[in-house]
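Lettered A, B, C and D in written order, each chain numbered from 1.
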Amino acid sequence: MTTSRLEAFSDGVIAIIVTIMVLELRAPAHPTWAARAKVGPVFLSYGLSFLVVAIMWVNHHHLVHAVHEVTARLLWSNLNLLFWMSVVPFVTDFLGKNYRQPMAVALYGLDLALCGFAFYLLRMELIRQNEGNMRMAEHHASVQRKNLLSVILYLLSLPLAYVSIYASFAIFVLIPAMYFLPEKKLLSMDEGNP
Amino acid sequence: MTTSRLEAFSDGVIAIIVTIMVLELRAPAHPTWAARAKVGPVFLSYGLSFLVVAIMWVNHHHLVHAVHEVTARLLWSNLNLLFWMSVVPFVTDFLGKNYRQPMAVALYGLDLALCGFAFYLLRMELIRQNEGNMRMAEHHASVQRKNLLSVILYLLSLPLAYVSIYASFAIFVLIPAMYFLPEKKLLSMDEGNP
Amino acid sequence: MTTSRLEAFSDGVIAIIVTIMVLELRAPAHPTWAARAKVGPVFLSYGLSFLVVAIMWVNHHHLVHAVHEVTARLLWSNLNLLFWMSVVPFVTDFLGKNYRQPMAVALYGLDLALCGFAFYLLRMELIRQNEGNMRMAEHHASVQRKNLLSVILYLLSLPLAYVSIYASFAIFVLIPAMYFLPEKKLLSMDEGNP
Amino acid sequence: MTTSRLEAFSDGVIAIIVTIMVLELRAPAHPTWAARAKVGPVFLSYGLSFLVVAIMWVNHHHLVHAVHEVTARLLWSNLNLLFWMSVVPFVTDFLGKNYRQPMAVALYGLDLALCGFAFYLLRMELIRQNEGNMRMAEHHASVQRKNLLSVILYLLSLPLAYVSIYASFAIFVLIPAMYFLPEKKLLSMDEGNP
């Protein structure tokens, strides 16, 4: 299997994930202000998940670019990541409809933590492939630390949801912001050595 | 990230958007004339949105063709556009089911205005990349004026919906017509300098 | 726009059409024999539409292979075809749930007639492009005749549905069979001159 | 038709199949423990089907790699496989909602048996193409034996479901495990002769 095949399939799945979430946005039967108010949180949770999945897509692209050979371990690490990403539309809908319920907030945090951990495992395999390359190793180690931090923060959002859902929401907004900002650096690096 | 990757992902998302809208066309349980009459507006709104998204796809293709390098700004401008495009199936369904409600008409106009504005921002970044090229600059400036006009018209459809929904519908039909006609010119231009 | 881009986008849309139809197959809440009996016609209509769309995909592939340049007319003829194909999941579900209602049968026939006519228009544009090539012209003329025959038969299924739905079903089964058989000849021809 | 076109279309369909299954995971209206308990089996059946379809995707990829020419027979064998794979989301949802009903368990086993048999037919065509190649013939014969075994086991799960659903579930878990383990060997072989 070539890297481009792996990437094309992953991209297909991610494109579908990002788009089908909108199917959960059901048009209210009677467009009153109350009905619109109910659509609000569903829409916000959709927007947040769109951003999170878009960031994952960009990161996944950079990650796959560094792949030397598609081993069985890499293939299944990738499928593991796609599985947890494919659950995002479900937890997003669940959160949008029950955004005041700690369980819905915790479930959302749990799936994103599992996505983050799947990314961690996938990159572990990548690091093994790039063992000789010192410059890349340093870069990977720095990304892994950030990845681990986001997993810990997402896991923290689980118990926090039962204390205050707003604290969990703060984490959900903080992590994309954290990933969004240094994206430029990563991208320029990618351009530097294609 | 290469231009072809950006285009392939965008195309995937757009292909899904254009196709999933039909899922909102629910077959009535009892196929009476009354039930068919209810499906009518939903079908018409689907047809209109299919045309609008198809035009966006063609324009997006021409736009991406002029991209020199995929900067972070371009990447996120594109994801911003895809986000507002992904909301089209929702506002389409909302319009089809409540086509006499000003709020549904206004919401449809608002999303298309946001799509148009996202196109404007994306092209702004492109213009920055093509700064030296005088011939392209002139072409882009002309497309941007037309783009801005359509955004203003779509925004106008919001207050108009509360006066007369038919005035808003006239705008919704006018803008695709406006884009549909000069398409040939654009296409021939694209063929002239590949 | 290149032929491969047109084909990739069309393939994406067709792949989604063929797959989302299964979403209409709702699992009955209580798996009794009566519930299973109700799923039966929906499943059969899904199977028939899968076959019809698969044949369209194969034919579309052969057609696009003969394209010299993607003109605006060709682009919009293709989008017109994709629109009527995207309605197939809706008419399929409608037929599966109301297979004894003449209106549902007629609507199914109407959409397939419109798909066939869209194919006819698309090939008309192609014939214009291949005007000099005598060998291709003869091949196209023969395919167009068959295409026109299938459109007429599908249109015939509309009034027939109000006489006997079984006569319409016979047409729905006959046309795929008619297309399925000479497929081998077409394919071998395609292999002969790549 | 080229092998890459066949593969791209198949991949598109498989990516959609694997992702739309999650749409059946409906968020409960009231997130109580009882509601969560009901989501449990649906989620487990989704996870199992994700694994099964992922294994099919990997095997399909290896299979298509050995294709010399896309004959009509190969094309339709492949479409036959995609049809039965496209039914997986339906039987998965049916199983998840009625996991204690023998009929739901049997239907799941039946569809996977039909998928396995479609793989068998597809590889039969491939073996015909590779008739001269002794080394590949041996490899194919070994894969076919394993394929046939899994079809027989899936068929066995049908009557077993009416004796004990747990025996059928054991088969459903056993077969992916059986396929999952020797994947590495296959993959390394693929790398050995690209």
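A few comments on the model shown:
Assume contacts are C-beta pairs under 8 Å (C-beta built on N, C-alpha and C of every residue); 3 or more make two chains touch, one makes a residue touch a chain.
Worth saying up front: this structure is predicted, and the values here are computed from it rather than measured.
Within the contact network of the assembly, the step distance from chain B to chain D comes to 2.
Centre to centre, using the average C-alpha position, chain A and chain C are separated by 38 Å.
Distance between chain centres (mean CA atoms), chain A to chain D: 27 Å. The set of chain B residues that touch two or more partner chains comprises 8, 12, 16, 20, 23. Looking at which chains touch one another, you get A-B, A-D, B-C, C-D. Residue ranges of chain D in contact with chain A, taken from their complex: 7-8, 11-12, 14-16, 18-23, 25, 27-31, 36, 47, 50, 54, 57-58, 61, 183-184, 187-188, 190-191. Within the complex formed with chain C, the chain D residues making contact are 1, 5, 8-9, 12-13, 16-17, 20, 23-24, 69-72, 75-76, 79, 82-83, 86-87, 89-90, 93-94, 97-98, 101, 103-104.
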